[in-house]
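The chains carry the letters A, B, C, D, E and F, assigned in the order they are written, with residues numbered from 1 in each.
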Amino acid sequence: MSTLNGKRVLMFVDHVYEDLELWYPKLRLTEEGAEVVVAGPEEGVVYTGKHGYPCRSDAAINEMESGDFEALVIPGGFAPDKLRRDPRVLQLTREIHEAGKPLAHICHAGWITISAGVMDGFRCTSTPGIKDDLKNAGAEWVDQEVVVDRNQISSRNPNDLPAFCREIIKAMIR
Amino acid sequence: MSTLNGKRVLMFVDHVYEDLELWYPKLRLTEEGAEVVVAGPEEGVVYTGKHGYPCRSDAAINEMESGDFEALVIPGGFAPDKLRRDPRVLQLTREIHEAGKPLAHICHAGWITISAGVMDGFRCTSTPGIKDDLKNAGAEWVDQEVVVDRNQISSRNPNDLPAFCREIIKAMIR
Amino acid sequence: MSTLNGKRVLMFVDHVYEDLELWYPKLRLTEEGAEVVVAGPEEGVVYTGKHGYPCRSDAAINEMESGDFEALVIPGGFAPDKLRRDPRVLQLTREIHEAGKPLAHICHAGWITISAGVMDGFRCTSTPGIKDDLKNAGAEWVDQEVVVDRNQISSRNPNDLPAFCREIIKAMIR
Amino acid sequence: MSTLNGKRVLMFVDHVYEDLELWYPKLRLTEEGAEVVVAGPEEGVVYTGKHGYPCRSDAAINEMESGDFEALVIPGGFAPDKLRRDPRVLQLTREIHEAGKPLAHICHAGWITISAGVMDGFRCTSTPGIKDDLKNAGAEWVDQEVVVDRNQISSRNPNDLPAFCREIIKAMIR
Amino acid sequence: MSTLNGKRVLMFVDHVYEDLELWYPKLRLTEEGAEVVVAGPEEGVVYTGKHGYPCRSDAAINEMESGDFEALVIPGGFAPDKLRRDPRVLQLTREIHEAGKPLAHICHAGWITISAGVMDGFRCTSTPGIKDDLKNAGAEWVDQEVVVDRNQISSRNPNDLPAFCREIIKAMIR
Amino acid sequence: MSTLNGKRVLMFVDHVYEDLELWYPKLRLTEEGAEVVVAGPEEGVVYTGKHGYPCRSDAAINEMESGDFEALVIPGGFAPDKLRRDPRVLQLTREIHEAGKPLAHICHAGWITISAGVMDGFRCTSTPGIKDDLKNAGAEWVDQEVVVDRNQISSRNPNDLPAFCREIIKAMIR
């Protein structure tokens, strides 16, 4: 189980991130051999999840280069509401997407992909809360455990995490 | 200062509403003589604001009739993320709008007006967090204390509340 | 609605202030055109309300001069229990009172006016919790939405805020 | 150390009681052999201290008879602000006092003895926060670890608890 | 990745469980095809993690039969301090162990295996906090990411979860 | 009641200490004339009890000398889980014990005395949660309000505090 050895994955964090949507992929991809970098507005700051789990950021978002990563995984919660206001978050998301690398978003993380302008013509899922925002951004929205459309992988909530990570790993092995 | 005597205003509440964006208009319109009804998912339930202020709902949303109200004021916070999933919330919003009655939304309340499908072709403002969602819904977004376009009144955050309420009152007197 | 243009109002803040009793008058008087200065034990410090709403102080109490203000509005909560121990708070209150300027207190704010020695012979109201303390200080206590006696305006609790502010504005226009 | 065997002591509790000012006397008098009954607005309800310590009430205040107790000890915190509004609290306090039994109050507990009308002509101490209220009620206020005047024992804050309890025990042995 | 299809795993939950030490194995084994049953003192009750994550129990501990499960995984936190007092928890642990089925414990979960009397002669790891208790129970304690000794698998803390689950899965496939 | 005049007592504190198990002995021994020093990992730091009561440490553990104290009293809660990892805590405990001075532990404090290696052959009590750990450390465990065996005094929980302190004082007078 070290199918992702040598591969680097970027994740975003900010206050009020959904605790398991960050930690499950982080630990799961680590288990599979990947190196996961959790980047927040600042490096070395402890961000607190929606339910209270602390996460110290490994790096600052504005020092990240998309070329250093094989994939981007964005957790939900209300953190995306803040993160989507940061042009650097949107640029990193766009670059990963345009390079055709796996771009995974779950729950409310679609707020970031909407603002990055990468949803037009893509099939996806999310929390029902942002369904209309995804449709208005040009996406085809379906209510499904996990949706894979080209390089994009999306899920609805923490219960979908096993399916979500299964597809992220598959996409990264390809 | 009882310019709104005999007029009834509807407001929506749910957990994690923005405390002042609910309470300032509620008390302000009451001061002006209006009767304000705060409706939540259930009647008589205490909903807790984003910062902790409690608000007991006067009524249940699904028992409201738009014909009974002269205006609708929607507070922000993260409550709109839940409320926009309720078809009755969207229907009430749409009916108030289509009747040309004042429809006021502040901060994240635009999530509800987006899902109600009433933003197309309207000029508005909001928290910058949902700017892209409003644009994708067909609105023209500007960064301004308060925006009035026909029957719609919108503001950005609690600091704008004085301007927001001034325009709501003006619109209701007309 | 800019009847108070050019007028300055002083308010006091400390931890455990009653959230709406501070914010409603602050925003309401701002809406009416006044400049409101919220002074706390220190300048630029975030004080947390009884229910959790944050308020950053505009200024430090010990740098305030009563001559710079047209009125003083004191919110309740448990903040007055601390503030009444500060001689500068009491002096400012006394000076505003002796100058015959509007002095408004709501809920537990009477603790400050008691210690300032300005209640003797005045008709007022408050939370029932401090009724006996006001009587012992020489006041005539009544159970009423709002009481106006000469320059003093008093109310009982957050539900009374519309009446409270209506009278403050009237008194400031006079 | 069972000098108080067979003696019963009444204490009052309500939400936001000062944790140690209730628990230290309760355990201390128990250690000395007394039976301590903590009475709250309701029997068997858990009241939460100012700092979070839970206290389940042994009995309901309105079922207490002053004749069943040798002494009354009233803790501080903000609980007295609520308790002083209950006529039964005031009556029990007055009866204990008029029977010449030890009446001990600490910190903000003086709010109750003020409203019970038992402070006139008594020397006492308290938190400085209610000094003026005690003076206006006819008491002579001093800043001292513990004050004993006839049957009344008073202290200022949790640091004074050893001296406070020492005097309560002395008074009960007499 | 459905190597554990048809296999059932038992986990224990109680208040103050370590959030990730429960959720990561639960989701990870689900991803691998297993059916995970989280049993608490009562069925259908929401238990709150050390950091605040909620977990609704699938079943009540006293209705579980060890014969229905292929493995037992015990999370840490302070929940084991309570759970080790329940004879049914200890019996289930002992039966799983005596049947030679995988028994996995992490962090403070060793408190339960100590009280179940299954540590004598076993090599293991844990949080350093209970190192001495494990040694006194007859275990050989080492400071290592994950330790496998016959059917027992142990780890130290949440950072070790990838290694911990990798070994649980290996042991369950065998 | 100043039977312990001139005697010094050491107590340990860390986060999540049991509030009353620290404060009752601290105040009680102070009442009796002793000087109590509460030492934590750092000097002058505020540690928060399991229920929220704050305690500022008087001194740092690593600057304490056992020769300066007549007795050691260790509160429970989850603080002992952290404190037992500090070799200086264990050394101080051992030295007090070997000098035959009163060593009092309550609730979960036995975790420290276990790791200090001072329980072998001693009769004691504790919270039932650590009964097995004490037995495995060579102690004889009984379920009793307070147990005195030579210089050791132990109790089970906050309800036992009156009996616990009565025995500590007796032991210190001897």
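Note that in this section a residue touches a chain if its C-beta (ideal position, glycine included) is under 8 Å from a C-beta of that chain, and two chains touch if they have at least 3 such contacts.
From a predicted model like this one, the values you see are computed outputs, not experimental measurements.
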Joint neighbours of subunit F and subunit A, given as chain labels: E
Centroid-based (C-alpha) most distant chain relative to subunit E: C
Farthest chain (mean CA position) relative to subunit D: A
Between subunit F and subunit B, distance of the C-alpha-averaged centres to the nearest whole Å: 58
Distance between the centres, which are taken as Cα means, of subunit F and subunit D, whole angstrom: 30
Cα-centroid distance, subunit D relative to subunit E, in whole angstrom: 49
Interface hub residues of subunit B, defined as touching at least two other chains: none
Overall pattern in which the protein chains touch one another (line/ring/star/complete/other): ring
Cyclic chain order - from subunit D, heading first toward subunit F: D, F, E, A, B, C
Partner subunit B, residues of subunit A touching it in the complex: 78, 81-82, 84-85, 108, 111, 114-115, 128-130, 132-133, 136-137
Touching residues on subunit F, where the partner in the complex is subunit D: 1, 19-20, 23-24, 27-28, 30-31, 49, 51-54, 158, 161-163, 165-166, 169
